[in-house]
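Next, two complexes with subunit A in common: one pairs it with subunit B, the other with subunit C.
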Partner chain A sequence: MANPNGIGASVRRREDQRFLTGRGNYTDDFKRPNMTHAVHVRSPYAHARILGIDFADAAAMPGVVAVLTGADMEADKVGSLPCGWQIHSKDGSPMKEPPHYPLARDRVRYVGDAVAVVIAETREQARDAAEMVVVDYEELPAVGSSTRAIDGGAPLVHDDAPDNVCYDWHLGDQAAVDAAFANAAHVAKIDLVNQRLVPNAMEPRAAMGEYDQSSGEYTLTTTSQNPHVTRLLMGAFVLGIPEHKLRVVAPDVGGGFGSKIFHYGEEAVVTWAARKVGRPVKWTADRSESFLTDAHGRDHVSHAELAMDADGNFLALRVSTLANLGAYLSTFAPSIPTYLYATLLAGQYKTPAIYAEVKAVFTNTAPVDAYRGAGRPEACYLIERLVDVAAGVMGMDKTEIRRRNFVPKEAMPYQTPVALQYDTGDFAKNLDIALPLVDYPGFQQRRAESKARGKLRGIGFATYIEACGIAPSNVAGALGARAGLYECAEVRFHPTGSVTVFTGSHSHGQGHETTFAQIVAERFGIPIENVEIVHGDTNKIPFGMGTYGSRSLAVGGSALVKAMDKVERKAKKIAAHMLEAAETDIEVKDGRFTVAGTDKSLGIGDIALQAYVPHNFPLDELEPGLDEQAFYDPKNFTYPNGCHVCEVEIDPDTGVTTIVSFAAVDDFGNVINPLIVEGQVHGGLVQGIGQALYENCVYDEESGQLVTGSYMDYCMPRADDVPSFTVCYHEDQPCTHNPLGVKGCGEAGTIGAAAAVMNAVVDALSDYGVTHMDMPATPEKVWRTIRDAAPAPTPAMAAE
Partner chain B sequence: MSCTVSMTVNGKTVSREVEERTLLVAFLREHLGLTGTHVGCDTSQCGACVVHVDGRSVKSCTTLAVQANGAEVTTIEGLAAADGTLHPMQAAFREHHGLQCGFCTPGMVMSAVDLVRENPNPTEAEIREGLEGNICRCTGYHNIVKAVKAGAEAMAGAQPAPVAAE
Partner chain C sequence: MYAFTYQRPTSLADAAAAIQAEEAKLLGGGQTLLPTLKQRLARPTDLIDLGAIPELKGIREADGGLEIGAFTRHAEVAHSDLVKRVIPSLASLAEGIGDRQVRNMGTIGGSIANADPSADYPSAVVALKATVTTDRRSIAGDDFFTGMFETALEPGEIVKSVRFARPDKAAYAKFRNPASRYAIVGVFVAKFGAEVRVAVTGAAGSVFRAEAFETALSADFRAEALNGLSVEADGLNADIHASADYRAHLVTVMAKRAVEAAG
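The block that comes next holds the complex of A and B.
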């Protein structure tokens, strides 16, 4: 009988009880005896030289324990925050990698750059004192945007990065692309901006450092998606603390979306300061600090061209992108606009030749790194906007041009011209499912009905494919990663048959405590209540590479399966011994170990007990205990894919865009918990819709001041901005190279949604001759576009 | 300057000497150790800090503790029954997967309870409008809306929210 809480069941989440009753344990909830509070003094300038810091008055304020600066860190030989990925430019030279100190030493390079930290008895006292720190700045000219950064004569963010260029990189066969364009019957072109976003996890970043003088051990409790990586980076490169003396705990974490992958300076500051002041030190960002200092996402300016033959078959794609990396290199920053972006430019299409150039630049803005989707939404948006333009050039239906160019299912595994090999996918099937869901044939009638009411209706399609399950270490290493990207799991059976699983994956909303337990319950035929999932503590988990890139299930789940395989092998030996049978005669099903052809069998619980009470074990052949650990390094990326369809209605009088319907058809491979998967899609969709219609992180180009520094200025999607969704997935194309057949679902919604919404908005405005609009399609922008369109559509045009 | 603040929190009378500028959320989190109420922004926008003061939802990050002097305050920790039985709204959030990271959840649930108190049978549009002051970054609101609808029905006694077995 199938396990009611096994694979495929919508098990209600086990973590919800504590979250719903206020018993979550987030970093800021921790309180230690004698704990102090840190507040950072941050630069109000985007670019300035630090001439001096006077903190005498601050240090004398009530409750102040210490005021520490970059000079103190330098004296203690604190290092620079390391970058985890190295990119080489076209000419073979390595990227520019300027130092990034946790507290600035002589120059600040973005608004929010930390220059000092005040530590006091209470947060309020620290905040009061921080306001009394006087920093003597010599303001320097600033660079507030990527286009300004490469404008000849722009100020230099780093003296050793000429023209502000970090790297100038390319991928693909330029000659083949040029030849295809020379012979093309039609060319579609687009210029677009993928605007900067602020991830905005609802829990602001926080960190608490502790130092135990008697043992010499440090503990960092932090809002991290990957505590082991933080331990490695901070321990080895910044503070010089060996792993066995540094514990990093990432407890309940209130959302990440990429922004909590990275090692941040504040983590090093509180850990270092805890030893300096001899007391625990806690720092919690307020939302303003989050806006200023969390790594941002996206920020591309691109030009793209698509060559086609006379029938609309894609011949070649040429892309040129300018990517803004901000003031310093965040942990994974260089990989995002390169190997997580340009490698996805084939999309779902069999375009035979692709060439992409990416110039990445420094600016006086917050660092930019992975944000949900990380490079793949940028790729999807570019391709899918361009394909809509191409449909216009060809006079073809937007679904037809896509269908004509899909990589057919039969071509799998398919080698793209941009390095990836897709394992599975049936793109036509996704579209076939989507079209009736959205009643595509009825669209023109709905459009006419809207028009009769004075409204503009549009429909937009986006197909996407992403490379997830990051990543095969050998591939990542060849491409510049300075780490392996495997995952680790340990499965520990206890004597009475309950199980504790230790996973290097980290859950910050994804529900691993439920999903991973389902996998174990299914495998061993045990109640889910008997399985506990432990994550987020380097002292408990053997190792981990954390959660990002939709990798938890595909990589962490696979490590779990591998560890369970080992447990089963060991259990089989024990069963053979107990049942006095040959190991080869033991059959295993749902956690029962049976001697083939007999009714002699044992449950996994009986075996676990014997494993810990080995009174008659042949000890030279059989060790006591039932506790196994495994590392899993994926063989390939996984390739979730799908088709998203959005229908909008625009009020031309106000410019307000309303999403009338949104359908997402996805292929995530096998699904463990449908309820959780659907929830991941819903959330992803709204982040994509947020980019399309609402969100925009704006810096003043000249001053480098963050204009959108709070929820008053940065428009977050709210409940009344978005609709309910039609979400649908199929399991016909499981991943072929991991044991669960899973592909990952965390980023899909965000990747497809922005393109689908914008294609719908542009479609709605097509009567006005609009072929493109940059995001976000705010009411003001839409209204101005309609107003500026010349000539306004005549009744005759409207009737067409 | 400090002052004495007294109030009833989750049915218990509490009294503390605090700085006058102490916010209600800081009073709850730092002085009473009730860390279920969260701070997600500085501008009274996100709603992670919503509690009930004399039965009405209030953003505790922009309320001084002294303003709640003498009041009845309920936080997320006080919503479930004494025996641990979840409030119907809490149960509905669980049943309909109305939470992911859990950070906005306490404020969202407290807002939802007050919303239903004012409008016992809200439509989807009314739920969405009623939760406009609470930001969730994880769920896309889809399942929150379903949960609030179900929670409202359960609160009305039309049908108890089912409590799923694990």
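The block that comes next holds the complex of A and C.
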């Protein structure tokens, strides 16, 4: 009988009880005896030389334990925050990798760059004293945007990065692309900006450092998506602490969206300072610090061209992108606009030749790194906007031009011209499911009805594909990753048949404690209540690469399956021994071990008990215990894909865009928990809609000051901004190379939504000759576009 | 937040005495002051909480209109049957302020005394011919707002209540800042017999009356009467959310919507 809480069941999230009743354990909730509080002194300038730091008054303030600066760190030989991915430029030279110290030494390079840390008995005392630290700055000219960075004569962010260029990279066959363009019947072109975003996890970053003098062991409790990676990077490169003396714990974490993948300076500061002051040190960001110092996302400026034959078949794609990396290289920053972006530029289309150039630059802004989707939303947005422009050039229906150019299901596995090999996907099927869902044939009538009410209606499609389950170590390594990206799991049966699973992936909202338990419950035919999922502690988990890039299930879940395979093999041996049968005669089903052709059988619980209380095991052949671990390294990425359709209505009087409907048809391979998948899609869609209509991180180009430094100016999407979504998926195209057949669903919504919304907005404005608008489509931008385009009377007047 | 002395007087007289302290500040619902304190952007020595003073509370009918105590929270105005009956447009304005948390804390006295250029209430004070009563005197609504975050209140003067006249028809239409949800433009239109008042908040440094609109609507109280009319963009607020000419445009759009809503 099927397990009611097994694979495919919409099990309610087991973790929600504690979250919803305020019993989660977040980093800031941890309190230690004698704990101190750290507040950072941060640069108010985007670019300045530090001439001196006078903290005598601050150090004398009530409750102050210590004031520490970059000079103290230098004296203790604290290293630079390392970068985990190396890119080489077209000419073969390695990227520029300037040092990034946890506390700035001689220069500050963005507003919020940490200069000193004040440690005091209370947070308020630390804050009072931090205000008394006098830093003598010599302000320098700043670079507030990527376009300004490469404007000849711009100030240099780093002296050893000429023209502010970190790397100038390319991918694809330029000659083949040029040849295709030379023979093209039609060319569609677009210039677009994929604006910078602030991640805005609900829980701000926090870190607590502890040092045990008796054991010499450090503990860092931190808001991390991957505690083992933080332990490796901070221990080996920054503080010089060997792994066996450094424990990193990532307890409950309130959202990350990528921003908590990276190793941040504050983590090193509190860990180092804990030993220095001999007491635990805790730092928790306030929301203003989150805006200033969390690694931001996106920030591309691109030009793209698509060559087509006379029938609208895509011949070649040419893309040139300027990517802003901010002031320093965050942990995975270099990989985002390259291998997580340009490799996705084929999209769902069989474009035979693609060439992409990416110039990445330093600016006096916060570092930019992975943010939900990380490169793939940028790729999807560029392709899907360009395809809509191409449909306009060809005079073709937007669905037809897509259908004509889809990689057909029969072509799978499909090698793209930009390094990836798609394993499965039926793109036409996604579209076939979506069209009736949104009543596409009825759209023109709805548009006419809107027009009669003085409103402009538009429909937009995004047929997206992403590479998830990051990543196969051999591929990642070949592309410049300085670490493999496998995953680890341990499955420990206890004597009475309950199970603890240790996973190297990390849940910060994804619901691992539910889905991973479902997989175990299904496999062994045990109640889900008997399964506990443990994650986020380097002292408990063998190893882990963490959670990002929609990888938990595809990679971590596969490691779990592999560990369960080992448990089952061991259990089979034990069963054979107990049932006095040959191992080959034991049949296993739903955790029941039966001697073939007999009614002699044992449950996994009986076997687990025997494993721990053996009486007569043949010790040469059979060890006691039922506890196995496995590492899983996938053969390929997974390729979630889908078709998102958005319908908008614009009020031309105010420029306000309202999303009337949104349908998402997704192929995530097999689905473990439909309820959680639906929730992930909803959240992703809202984030994508946020980028399309609301969010925009603005720096002043000249001064480098963050203009949108609070929710007063940085507009987050809210519940009343979005419609009730239509979300569905199919399981016809499971992943072919992982045991669960899963592809991942965490980022898909974000990847498809922005393009679908903007295509709908542009479609709504098509009567005004609009072919493109940069995000976010704010009311004023839309109103101005209409006003500037319109010689015709406004529809509002026409309606009156 | 810097340390301060918290006081909670139970009479207006005690509050008036307490506010005489140098660098003391009055605390209404705290929806602007508390975030300001948390950001360490203000450093009062004393915070005088007005929440325990009976004279500042309550909503009653007065002179055919309404008198609302300064320490009446937005949610109380929004949900008051009396307000809904006498000046429904005022209840609807209150219901649209901020979000539920803000409405449950924020007070009408705090809102008008703070005189945020993008606050909603100033438009009602001007359009509904209000009189602001303080512990010292009465101030005509038309004279109350003197500039950005500036009012006719003298140092230490405490708002007691606001008296609104009852219009024949009225409505408030606002265009929210998508991020903060304060008014980018809010227009309160009120009709008293032949007289029409159009008060605009959000668009400029302080609430102002759109006189050309008033004239047009006095002659013909229909949205169409405003066709072709607009306020001067010059001098209006401009920020990353809305330029001055966009705000000027929205004033007309919101005024029309208010007229339509007023019926």
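Rule of thumb we're sticking to: the second predicted complex is superposed on the first by the 791 of 800 C-alpha atoms of A that agree within 3 Å, B and C clash if a C-alpha of one lies under 4 Å from a C-alpha of the other, contacts with A are read in each partner's own complex, and residues count from 1 in each chain.
The definition used in the following text is that a residue touches a chain if its C-beta (ideal position, glycine included) is under 8 Å from a C-beta of that chain, and two chains touch if they have at least 3 such contacts.
Everything numeric here is computed off the predicted structure, so don't read it as measured data.
Of the two partner chains placed by superposition, only subunit C is touched by A:Tyr694; subunit B is not. Once chain A of one complex is fitted onto chain A of the other, the partner contacts of A:Asp653 are limited to subunit C, with no touch recorded for subunit B. By the touch criterion stated above, A:Thr515 is placed in contact with neither subunit B nor subunit C. Looking at the shared chain after the overlay, A:Asn636 reaches neither subunit B nor subunit C. After overlaying the two complexes on the shared chain, residue contacts for A:Met202 are found with subunit B alone; subunit C is out of touch. Once the two complexes are overlaid on the shared chain, A:Ser505 sits clear of subunit B and of subunit C alike. Measured by the number of subunit A residues touched, the leading partner among subunit B and subunit C is B. In the superposition on chain A, A:Gln17 makes contact with subunit B only, while subunit C stays out of contact range.
Within the superposed three-chain model, A:Met712 lies in touch with subunit B and with subunit C [touch as defined at top]. Of the two partner chains placed around the shared chain by superposition, subunit B is the only one that A:Lys31 touches, whereas subunit C remains out of contact. On subunit A, the surface touched by subunit B in one complex and the surface touched by subunit C in the other have residues 124, 288, 711-712, 716 in common.
Put simply, subunit A touches subunit C in their complex at residues 124, 127-128, 131, 288, 653-654, 694, 698, 707-708, 711-716, 778-780, 783-784, 797, 800. The touching residues of subunit A, when paired with subunit B in their complex, are 5, 11-24, 26, 28-29, 31, 124, 200-204, 252-255, 257, 286-288, 508-511, 528-529, 675-676, 678-680, 682-687, 710-712, 716, 718-720, 722, 724-725, 749. Residues of subunit B that touch subunit A in their complex: 19, 21, 29, 33-43, 45-46, 48, 75-77, 79-80, 86, 90, 93-95, 97, 99-106, 109, 124-125, 127-129, 131-132, 134-145, 164, 166. Here subunit C touches subunit A in the complex through residues 1-2, 39-40, 175, 178-180, 224, 227, 239-243, 246, 249-250, 253, going by the rule given at the top.
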